[in-house]
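Okay, so subunit A shows up in both of these, paired with subunit B first and subunit C after.
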Partner chain A sequence: MSLRETVFAEIAAIAAEQEKAMPPITDELVMLDTEFDSLCFALLVARMEDLTGADPFSEMDASDLPVTVGDLVALYDRAATRQAA
Partner chain B sequence: MILRERLLAAGGLDGLFLSDHRTKKDLAGIVSGEREPAATAALAGRRVLLAVGGQMAAARAMIALDGLAARLALVPPKLAPEHIARIASDAEAEICVTDAGGPAPDTLAGLPCISVDDASRAAAETPRETEWALATSGTTGAPKLVAHTLEGLAGGINKAAAPEPGTVWSTFYDIRRYGGLQVFLRAMLGPSSLVLSDAGEPVRDYLIRVGAAGVTHILGTPSHWRLALMSAALDRLAPRYVRLSGEIADQNILDALRAAFPESRIAHAYASTEGGVGFTVEDGQEGFPASLIGTRAGIEITVREDSLFVRSPRTGRRYLGATSEALIAEDGFIDTGDLVERRGERYHFLGRRSGVINVGGAKVQPEEVETVINVFPGVSMSRVRARPNPILGAVVEAEVVLRADAGEDRIAIKKAIIAHCRPRLAGHKVPASVTFVDALPITSGGKLVRRGA
Partner chain C sequence: MSDDLKEDLKTGRLVVVTGASRGLGLATAATLAADGFRVVALARRPSEALEAAQEAAAPGRITFMAADLGEIDALQPLAQKIRAEHGPVYGLVNNAALGTPGLLTTMPASKIAELVRLNTLAPMVLTKYLARGMMTAGAGRIVNVSSIIAFTGYNALSVYAATKASMIGFTKSLAREVGRLGVTVNAVAPGFIETAMTGEMDEVERGRVANRSALKRLAEPQDVADAVAYLMSDRARNVTGTVLTIDAGSTA
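Here is the complex of A and B:
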């Protein structure tokens, strides 16, 4: 599974578990405009750390905070590249 | 009331014993053995630090020193050197009773020492009331020293009734901790025999020894009992009375003990080093009946801001040492720091106020989550703690010990545990992650180690 697919799958799984109704997940989707709340987001970050070993949020500025799902995928992508380097 | 005088006056010590993993001693011999005036002179009226290795030595010294020393400060086992030094200082100790298993001499900062063998030969001609000082269990941070009287410590013990014939006590706890000291005093004030545990002894060996000694009355924390229930040696034990204290006794452990010991009285006690013995519940249900709120037998229990408050002659008198913190409020009540919640006619324990996990401002009691996880089939025990999280500050993380029969598919079990928690807990209390561990660390006081709690 690619990183993008992983992120999409985890968002969908968490939304289902937390009984959040989500529009179709796309790169352009602004996560916090949906029912995907801070708890869902916190769970997503914890699970991505478990899956990838990376926690890009702990080492970045507030201005870099991802807005869209696409931003989020890019963030984990960069973290994976750093890990590989 | 002086321990040794009471034992001498009680008579009927023949056949009673005190045993540990190494030796078995006649109680009569300990109480009425040879006396040594030089030892008496060294200890009479002094503030004494009792820092010995094992519990047998501690028991002998406690019997000799109650009524002789001005203050007797008990150093619990496995304490860090800096904490021992702190206790010696807080107790204003003038002399230390020690042995080969005690702390290294340089820990004691030049305090004069007397061997426990010599100290056990001391005896007062004109007894005085000794102040007892016990260390708080301190699952985090430095232990504090709480001053008690022997009357207060023994306040929950029925001293008028003779013990049931053949009573033999034992405790998973160390007798230098509040819970274990309750068992020591029950045995000594009975009087009855007592089997002592040893910190380094495997649970299996202890259970075999306890079974062979015919133990009838036994105390442990819920964590001690969970370990015992996982041991094949549990069937060596045939107790009449099973007591739990020191941690929240959840329904799971009460039911498991009921199934293991269908004929036994099973009691969970609410007690703490600071608050003394508050009450004991024997109806097999977790928590306690709301009817215990109020005054009975001189014990006043009340709930303020979800915390239990206790006022009674059994509570500690004050903290010793440099701390300016008051143990007892001006109105005489002690805030136990134990959070409770009323559900119908019953109060349930939610855990320590200090142990809360803060999930984005919403509080989580680890014990509340553990209680839910622990009833899941295949789970032996669990520990819940904060996992740092960049979004909410922290999320809930659970470490779980599975029973051997739990099955192999760890990923499926992990998902099932989380699914089990979801309808039973508010969303922020559901573990964000579950990890499986072979064992969880337990303090020498028998409680789960809660790092960073």
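Here is the complex of A and C:
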């Protein structure tokens, strides 16, 4: 499963568990416009750390916060590249 | 659920206790191990008392892991190491703390920073990383060791008091944050307890504190350990965001 697929799958799984209605997940989806709240987001960060060992949010400024799902995928992509380096 | 299955589930539960080589942390580690939890005992270095507790407990129940919690950047790797070596963490007891006394006006800023780093910053950051696993598991327990000094004044403990009060604010709001995911967050507030931390109090001062308490005595490390064990247990499943005072009635 690619990093993008993993992020999409985890968002869908967490939204289902937390009983949040989500529109179709796409790169362009603005996360703040959905019911995916801060707690869901915290869960996503925790699960992604479990799955990939990466936690891009530990070392970034608030100004880098992802707006869309695509931004989020890019963040994890960069973290994975850093890990590999 | 059968009793055997219950016991198995409990056997699998892992609790991390910071500052576990002596005092309240040691008593807490030993009590949790006796209650059937597996304990990772964090401290800068092991102690004879901790080794004795490890021998007294069932094999493998208490594992020592060296850690200097004041090294904030090392806390995320520490959390990852605990998970990798011991599995998912069910509970965390933030006990490690400095009790450095001193008048504020003469305390070096470096000492103030050291107290805040170990007593406030370190437990917050360690909790950040260990709570993640509890959140994804949908169950967990966090117990923060505060102090009655968080809500009563004591000469020459203003910085310590501020750090202990911070643990109460942290407890209440974090309980709100993670409650929906089945994680409880509580604090214990011990009064003056006979440990190395209060070793600098002389006999007269100890007598005075004991005399002021409702029960005319000081609480003991075991009393605090029992309170933590209760908060860690299934019996406390509906207790969160609260502070349990164990002071033999000093603040009654």
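Rule of thumb we're sticking to: the second predicted complex is superposed on the first by the 85 of 85 C-alpha atoms of A that agree within 3 Å, B and C clash if a C-alpha of one lies under 4 Å from a C-alpha of the other, contacts with A are read in each partner's own complex, and residues count from 1 in each chain.
Everything below uses one rule, namely that contacts are C-beta pairs under 8 Å (C-beta built on N, C-alpha and C of every residue); 3 or more make two chains touch, one makes a residue touch a chain.
It should be emphasised that the depicted structure is a prediction, and the values quoted were computed from it without experimental measurement.
Asker: When the two structures are overlaid on chain A, which partner does A:Phe57 contact: first (subunit B), second (subunit C), both, or neither?
Answerer: first
Asker: On the A-aligned overlay, A:Phe41 touches which partner chain: subunit B = first, subunit C = second, or both, or neither?
Answerer: First partner only, subunit B.
Asker: Can you give me the overlap between the subunit B contact set and the subunit C contact set on subunit A?
Answerer: Touching subunit B and subunit C on subunit A: residues 39, 42-43, 45-47, 50, 55, 58.
Asker: Quick check: in the complex, which residue numbers of subunit A touch subunit B?
Answerer: 17-18, 38-39, 41-43, 45-47, 50, 55, 57-58
Asker: In the complex of these two chains, what residues of subunit B are touching subunit A?
Answerer: 359-360, 387, 389-392, 395, 418, 422, 427-428, 432-433
Asker: Which subunit A residues qualify as touching subunit C in the complex?
Answerer: The touching residues are 39, 42-43, 45-47, 49-50, 53, 55, 58.
Asker: For the complex, give me every residue of subunit C touching subunit A.
Answerer: Those residues of subunit C that touch subunit A are 76, 80, 132-133, 135-136, 177-178, 180-181.
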